[in-house]
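Here the structure is laid out as C-alpha cells; the discussion comes afterwards.
Letters are used for the chains, namely A, B, C and D, taken in the order the chains are written, and counting of residues starts over at 1 for each.
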Amino acid sequence: MSDAALSLSDSLVDRALRRVTGLWRDMADRVGGRDEAEDIAGQMQACLAARGGEVSARARAAKLAAAYRGFSEAERVNFLRVLAGFDADPKAVERAIAEWTQAADAPAKAAAKVRLRRALESPRVRLLTQFTAIPDGMKLLVDLRADLLRAVETDPLLEALEADLKTLLTSWFDLGFLELRRIDWNSPAALLEKLIRYEAVHRIESWDDLKNRLDSDRRCYAFFHPRMPEEPLIFVEIALMKGLAGSVQALLDPKAEVMDPNQADTAIFYSINNCQRGLDGIAFGNFLIKRVVEVLGQEFRGLKQFATLSPVPGFCRWLNAREEAGDAALLTPEELTAIRSAAGVPAETSPGAALQLLLSRKEWPPALAKVLEPVLVRLCARFVAVEAGRNPKRAADPVAHFHLSNGARVERINWRADTSAKGMRESAGLMVNYLYDPAFIEDNHEAYAGEGKRAMASAVRKLVKG
Amino acid sequence: MSDAALSLSDSLVDRALRRVTGLWRDMADRVGGRDEAEDIAGQMQACLAARGGEVSARARAAKLAAAYRGFSEAERVNFLRVLAGFDADPKAVERAIAEWTQAADAPAKAAAKVRLRRALESPRVRLLTQFTAIPDGMKLLVDLRADLLRAVETDPLLEALEADLKTLLTSWFDLGFLELRRIDWNSPAALLEKLIRYEAVHRIESWDDLKNRLDSDRRCYAFFHPRMPEEPLIFVEIALMKGLAGSVQALLDPKAEVMDPNQADTAIFYSINNCQRGLDGIAFGNFLIKRVVEVLGQEFRGLKQFATLSPVPGFCRWLNAREEAGDAALLTPEELTAIRSAAGVPAETSPGAALQLLLSRKEWPPALAKVLEPVLVRLCARFVAVEAGRNPKRAADPVAHFHLSNGARVERINWRADTSAKGMRESAGLMVNYLYDPAFIEDNHEAYAGEGKRAMASAVRKLVKG
Amino acid sequence: MSDAALSLSDSLVDRALRRVTGLWRDMADRVGGRDEAEDIAGQMQACLAARGGEVSARARAAKLAAAYRGFSEAERVNFLRVLAGFDADPKAVERAIAEWTQAADAPAKAAAKVRLRRALESPRVRLLTQFTAIPDGMKLLVDLRADLLRAVETDPLLEALEADLKTLLTSWFDLGFLELRRIDWNSPAALLEKLIRYEAVHRIESWDDLKNRLDSDRRCYAFFHPRMPEEPLIFVEIALMKGLAGSVQALLDPKAEVMDPNQADTAIFYSINNCQRGLDGIAFGNFLIKRVVEVLGQEFRGLKQFATLSPVPGFCRWLNAREEAGDAALLTPEELTAIRSAAGVPAETSPGAALQLLLSRKEWPPALAKVLEPVLVRLCARFVAVEAGRNPKRAADPVAHFHLSNGARVERINWRADTSAKGMRESAGLMVNYLYDPAFIEDNHEAYAGEGKRAMASAVRKLVKG
Amino acid sequence: MSDAALSLSDSLVDRALRRVTGLWRDMADRVGGRDEAEDIAGQMQACLAARGGEVSARARAAKLAAAYRGFSEAERVNFLRVLAGFDADPKAVERAIAEWTQAADAPAKAAAKVRLRRALESPRVRLLTQFTAIPDGMKLLVDLRADLLRAVETDPLLEALEADLKTLLTSWFDLGFLELRRIDWNSPAALLEKLIRYEAVHRIESWDDLKNRLDSDRRCYAFFHPRMPEEPLIFVEIALMKGLAGSVQALLDPKAEVMDPNQADTAIFYSINNCQRGLDGIAFGNFLIKRVVEVLGQEFRGLKQFATLSPVPGFCRWLNAREEAGDAALLTPEELTAIRSAAGVPAETSPGAALQLLLSRKEWPPALAKVLEPVLVRLCARFVAVEAGRNPKRAADPVAHFHLSNGARVERINWRADTSAKGMRESAGLMVNYLYDPAFIEDNHEAYAGEGKRAMASAVRKLVKG
C-alpha cells in the first residue's frame, strides 16, 4: 500500500461511505439493530482513515473481523459490497489519465504512469491489509476470498474487490513465504484431523486409515504459511515402493506389508489436495511436487523415479460425448467385433451404444474384461495424451493438463487401478502414472507451454499411434 | 502479481530487452566479458518469461541475485536500469485507457478499471517477487531498494521501479508479518554485533557498554521479519527507572547501580534506531513503541509512565537561523541583560550574536550556566512545542514530529541531559521527554494529525506562554 | 558409578562370567545358536570391562540392547540372570567389613565406610548405566525393570538386580528432571494414541471421546523425562467446572455444553494414570497434582477449589468381607427394616444377606434406591474415612490412602456417580471427592503420615459419627 | 535413593542434628544471628524428614540453597560439615553386617547384601537430590562439589560426603544425558562470554579474537547438561586446514586468510577446556573428541585426518629435573659440542648447565636455533613417547597421558609452535600433534591401558630410537 493510500483523505472515505450506506442500512434492518450496523460502518470508515493512529485502526479492524466471522452468508455479502464501495476516486483517475495523455516526453510519461498507478489504488486494500495483523487474520482473508468467489458469480460489482484481494494474496502467498513441512503420525492431532477433512481424491475413512497412510514407507508433505501455521495450504501423499504403482486399492490396503523405505526405488505421488478454496488460482502444486522430489531424493539415495498415480476424472464423460457425437472411429472394426461377441450384444448395435452399455454394467465377466482392457487403455491413452479441449494446445483432462504443464510425461495407463465406485464411474477404473524426470522437466514444460506438445513414454506413444 | 503478468508474452520481454541491451553492453564491456553479461541479460529475460516453468525461473533468479551481490556500484545501477526497462507495455495501457474512457455504465467502468490496473502492472515486479524465494532474497530486495534510493537521486527514470519495489516491500513488511523479539545478553553475538553497528543515536562504545545496556534493569526490543530472521528492522532501548530520566550520560553510566526492575515506575525509551535504509518510508517506529508499552506493562505491573529521553537534533541549527534572521524577540530584554552581564559580552552585542558566542564555547562557568539554563530551556520548549516547518501543521523538529504524530506529548525539557560533543553541538545539551500515556494517545494523535495541535504538559505550556 | 567400578578388573568380570555361563549356554541352545549367545555374553563382558575404551563399550551396549529387545520372555529372564551375576565381589566385601570392624577412631570408621560402600557396588550397574546413552535407552531400562518386577516373583535371586535398577531409576527420574507438559488436541497423534492405551480409570472409547476430553474446558497434564520425550510417565485429566463434580458420566458426556473455562471455580481431577510399569514404586502422582494445582491457579484466577472425582475400588469387596464376617453393626435396625420393606426381602434375612442380594441386582427401582442411598453413602464414608487395613494408620482403600497421604481431605461421597458396569460392581456407583486445599495440605499430610489422622469435611464427619 | 531413605525416621534425623548442632551454633554466632542459623538447621532437618510431604521439603531445599549461595567460604564449610553429619546410622550398619555374616546360603547372602547397601545409604543424599528440583539446582550441586574438593584437603571428615556427591554427579552427568552443541558466532553472547572466561589453554584476548576462532573454517563444540543449559561442561576448539598445524600463533592469527572448509583435509583440535571444577574426575574429554570426530566427518567428507595441536606443559620442568639429576646421557657428545660452539659457552660447562643456560635466554640467534632444534625435538619426543611418571605404564606428561589413553598416537613434534611467553617457558616453544585415527583408536587404547604401550608415528619412533 503506498503512501497515497496511507494519507487517504477523510472526504474520500466519507464519499465512499455515503455510497454504501444504503446497502448497510438494509443489512442493519435485517440483523435487527441499525445502531450496531452503523457502528460497524463507522468502524470500517475509521479503519480506512486510520483515525487515532494506525495502531488504533488495527484494533478496529479486529472488531470488524470478529463481526464478519459472526455474520450469516447474506450479511457477509453486504459487508463485501460495503467494502467494495471503498474504491479508487474516479475523478483522481481521470485527472491522472489526462496527465498521462498529455505527457510529452519519456520522463513525463514515466512520472505520469506512477501517478496513474497510485490513483488506481483502492482504499479498501488498506482495510484488507490491516486484517493481517489480527490473530487468524490471514485465515480470515483467505476465507473472505472464498466467500467472494461464491458471491462474485451473481454480483459482478464484486469482481474488482476480488481482483484486489487476489493480488494481495498472490503477493503474500508467494513461494518465498511458504514452509514445506512433513506431516507424520507425530504431527498434532488437530492438523491430522484437517487432512481427514481436506482429502478429496481418496477419502480417508478413519484414524486407522490415516495412520496407515503415514506409516514408515509413506510420506506426506504440505505447504504452510507462517501467518496461518495451523492450516495446510496443499498437501501431497506419497508411497515409497519398488516400481510404479498400478492400483490405488493395493496401495491403501492396511494389511499390505510395510516395506523398508531405504529399499524403495520409486516414489508415487498418489494424492494432491488443495485445502483453501480462498487461494484458488494461486498455484502451489507445481512447486510442492518439485520441492518434495528434491527432499525425497536427498533422504533416499535409492530413489530412481518419481511418478504419480492419478485419476482421469474426465474419461467416461469424454467417452460418452464421443459416442453421442457418433464418433465412428472410436473403435476399430476388430475391437467392435470382439466386444460384440464377448458381450453378446446384437451385431447391429452401434460402437457407441455397445461401449455405453458395457460401461454401465457393474461387473465384467473375465472374458469380457479381457476384451475391454486393451480397448479402454488405448482410448484412455488417446484421451490423456492427444485429446484437447477448447484450447487446442491444452489437454482436455484437467489432471493431465496440470502434470503436463509441470513438465511431467504420460508414463503408463493402468487397468483396474481404481475400482472404487467413483473410479469406475468416472474413468472405468483406469488411472495414469505421470513421470517427473528432473532431467526433462524443463524441456517438457517448454514444449507443452509453447507448442502444446505432450511428453509421453514410447509405450504410450505406440498406444495412441497404433 | 496477476495472471496477466504470469502469462507475459515473450515478445514483450524481447522488446523490453532490446530497449535495455545498449546499457547492458556498456556494462559488459566494463566488467570485461560481454558473454557473461549477455548471459545475465538472458537469465533475466528467462526469469521474466518463466521459461522452463516457474521453478526453473526461480533458480535463474538466484543466479541473478548472486551476480548482483558481486557487482560494483556502477554495475548495480546498470542492472537496475535494465530491470526498470521491463515496464508495462504502453500500447496495452493506451488500449485500457481507451476502454475506460468509452465505458458507458458502472459495470463497464468497473471492469475497465480492473483491466487498466492489470495493464499497468510491470513485468519487473515478477522478477522482484521471484527473489523472495532465494535464501537471503528478502534482504537482497531491501538492499536493492537502498541502492535504488541512492541511484534515483540522479536518475529519475528509476523512480517507477523504486515505487514498484516500495509497494511490494510495504505489503510484505506490513505489521501483520513482523515479529517483536526481546534482545538481551542471551541473544546471538552476531545479532548483538549488529546492534553495535546500527545504534546511531548514542553510539555503543564496546561489548561492555552493550552488556551494560542489556542489564536486568534494561530492555531492548526489535522487530524482525520471518524472511530476514537475522536482521533487526528497528530496535528500541529502554531503561526501567524511578521517575523520568533527565540525563543520558547518567543513564548509560556503567558504574550506576542496577535497580530491581520490579521497583521501577517509569520506562524510558532512550534510543530508537531504524536498521534498514532500504525500508525508508515504511513506518515501524510507531508500532514498536506501542507494542513495547503493552509488553512492558504486562511484565511490570508497577510501571506508571512510559516516556522517551529524546534528542533535539534541530535546536541549535534553528537558533542560528533565528539569529541570522535577526529575530529580535528571541530573548526578552531581561534575559539579554542577564546573559550579557554573566558572560561579560559588550552591551552593544546583538541578542543573536551574544547567544551564538555562548553556544560556541566549550564550557560555561557555573554562574553563566545558571543564567543560560532558563533561557535555553524556554527556547527549546518553544522550538519543540510551537515552531513549525514549511508545513504549518508539522513540528519543525523531526523527532518532535515523530512522537507527536504517534500521540505522545511534550513532557519535560532537560538541561545538561546530553553533554556529549554531539549533544552540545546540536542541542546545547538539552533533551526532551515525550510521554506516551495510553489513555490519551488516540486523542493526541487525532488533534495533531488533524489540526496540528500539539499535546504538552502544563509546565511546558507555561514555558512557551511565559 | 565410582572410579572403582570404572576400573573394574577383568578377572572379576571373568569370574562373574563363569558363574553365569551355564545359564547362558541353556539359553543359547534354545535360541538355536550357541555362537551368537556366546557372542552376546562376550559383548556383555566387554561392556563391563570397557574394553577398547568407554566409547567402544557404549557401542557394544547398543548391540546388547538390540538383542534384548528381540528376545522372548524366557530369554529375557536368562539375560537378566546373566546380568545379575555381575555382582559385587564377596571377598572384597568381606575385606571391607573387616576393615570397618577394626577401625579404631571416627576418621578410620568414616574412611572404612566409604570403602565398604564402594566394595558393595555391583559391576552390573555399569552396564545399566551404559544403556542410557543409546537412543531409547532410558525406555529400555524402564521396560527392563518391568520385566524384572514380573520375573522377581518367581526368582528371588533377581531381587538385588531389581534393587540396583530401582536405585538408578529413582535417581534419574527425580522430580528435578521431570518436565510437566500440557497435552491437548494439538499434541502429536502418536502421543494421544498412548493416552488412549494408558487410560485405565475411565476407558477412552474413541478419538472423538479423547477430543471431547481435551476440549477448551478440560486440561490434561503429564510428566515426561527428557531422555524418554515421547513417553508420558503419568498423566492427569481435569475438568473445569462450577462446583464439585458428582457424576463421571455427566462429566464425560460428549453432548454436554462446553463452558467458558474462565467462568470455572473448580478444577476436578477425574483420572490419574501411571503409564510405566517399570517405574512402580517411584512416586510422581503427588508432585503432579500439586504442580498442576499451581499451574491452573495461575492460568485461571477464578478457581477456588481443586478436588478429585475418585473411584472407591475396594468398597464392595470390603462390604462383602464385612458381611461374610457377620458384622452385625453394619446396618442400624432402622436401615435394615427400611431396606427389607423396600426390597421385599423376608424379615428373617440377615443384614449381610440383604445387602448382598441388593448389590447383585442390576437395577434398583426408585423407591428402593431412595432407601439405599443414605445407607450406602454412610457406609462408603466409613470405609474411606475410618476403615484401616493391616496397618492401623493407613486407609483400607488404596485411592483414599494415596490422596490422604498427599494432604487431601475427604470432601463428599457421591451417589450414582459412576454407573458404568465396573463402577456399579466395585463401588455400587459411588465416587468420592478429595479436596486439595493448598492452605491445609502440609498439616493434613503430617497428621496422616504421623498419627494416621484423616482429614474430612464436617458433612463427612457427621456421616461417620452419626 | 531407596524407599528406606525416603521413609527415614525422624529420630535418626534428630540424632544427626544433635551431632552437628555445635558446629552450627558457632557459625550462627559468626553470621550474627543464632535464630536464623537454627532456622536453617531446622529447615535442613525438615527437608530430610520430608516434613509436610515431599513437595514442601523441596520448597525448604530451595531456601537452604539460597542461604548457601549467600554464605562466605567459612560458612559454607560449616554448612557442609552439618550436612556430612547426616550419615548412615552406625547401629543399622552393624546390624546389617551381622546379618550378612550369619547368612547361611546364597539367597540369604543376597538379601543381606541388599539390606547392607540400604543401611549404608546416607540421609544427606536425600537433601542433595532435593536440590536438583530447584532452578539452577544442578549448578549449585556442581559448585558445592567444587567447594568440597577445596575443603576436603584440610578436613578429611568431608571425604564421605564428597564421595556421595561424586556418585550422584557421575550418575546424572553420564554421557547418556549430555548434549553436544555447536557454538558459533550465533550463540548467545552470555555463553560466548563464558568461553572467554573458561579458555585456559590459549587465552582469548578479546571479542574479536573470539570471533576469529568461530569463523567459517573453525568449529567449536561443547557438552551441556539439560539441567544446566547455560553452562558448558567442556569445550573443544577446532581449526579446519590442509595438513597438520605446526604453529598455534599462525592458527590464531586474525589476519590469516579464511579457507573454504570444504577444501580442508585435516581437523586440528587445538584447545580442550574443562569448565566445571565441581565435575573433576568425571570424564568427558574422551567422549567429546570422538563425538566431534564423528560429527565433523559427516559434515565434511573431505576430512582425512583428525589431530590435536597440544602443549607439553611438563617438558621444561622435566628437562630441569633431568639436568639437576645430572643425567649425562641427556645430550649426545655431538649435540653437546655443537651447542657449545653455537652458543659460545665454555667447553667445560656441563650438558645440563649448557641447556639450562640456553633455555633461560629470551631469543636464540638463527645459528643457535638451528643447532637447538633437532636436540629439543628429540628430547621432547622422548619425554612424550617414552618417559613415565611414578606409574611406569603411564606417560609422565598429563596431556600425553590423556590422548594416549583415549587411543591417539604421537604424530609429530613441532618446533617454534607456541612462541608465547608461557609456551617458551613451559615447553621451549614445542607442541605435539596427537592423531586420532578411528581405525586404530580401540587397539591403541587397549595397548596403552593394558601394557602401557604408546602408539607413535614412525618418524617419532626414529627420533626416540636414534
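Definition applied: a contact is a pair of C-beta atoms (placed from the backbone, for glycine too) under 8 Å apart; a residue touches a chain by one contact, two chains touch by 3 or more.
This structure is a prediction, so every number in the text was calculated from the model and none was measured.
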item: Chains contacting each of chain A and chain C, listed by label; value: none
item: From chain C, the most remote chain by mean C-alpha position; value: B
item: For chain C paired with chain D, centre-to-centre distance based on mean C-alpha positions, whole Å; value: 41
item: Rounded Å distance, chain A centre to chain D centre (Cα mean); value: 62
item: Pairs of chains satisfying the touch condition; value: A-B, A-C, B-D, C-D
item: Contacting residues of chain A [partner chain C, same complex]; value: 185-193, 207, 211, 230
item: In the complex with chain C, residue positions of chain D that touch it; value: 1-3, 51-56, 58, 87-88, 90, 93, 97, 100-101, 106-107, 109-111, 113-114, 116-118, 120, 129-134, 137-138, 156-157, 159-160, 163, 166-168, 170-172, 174-177, 226-227, 281, 283, 286-287, 290, 406-407, 441-443, 445-446, 449
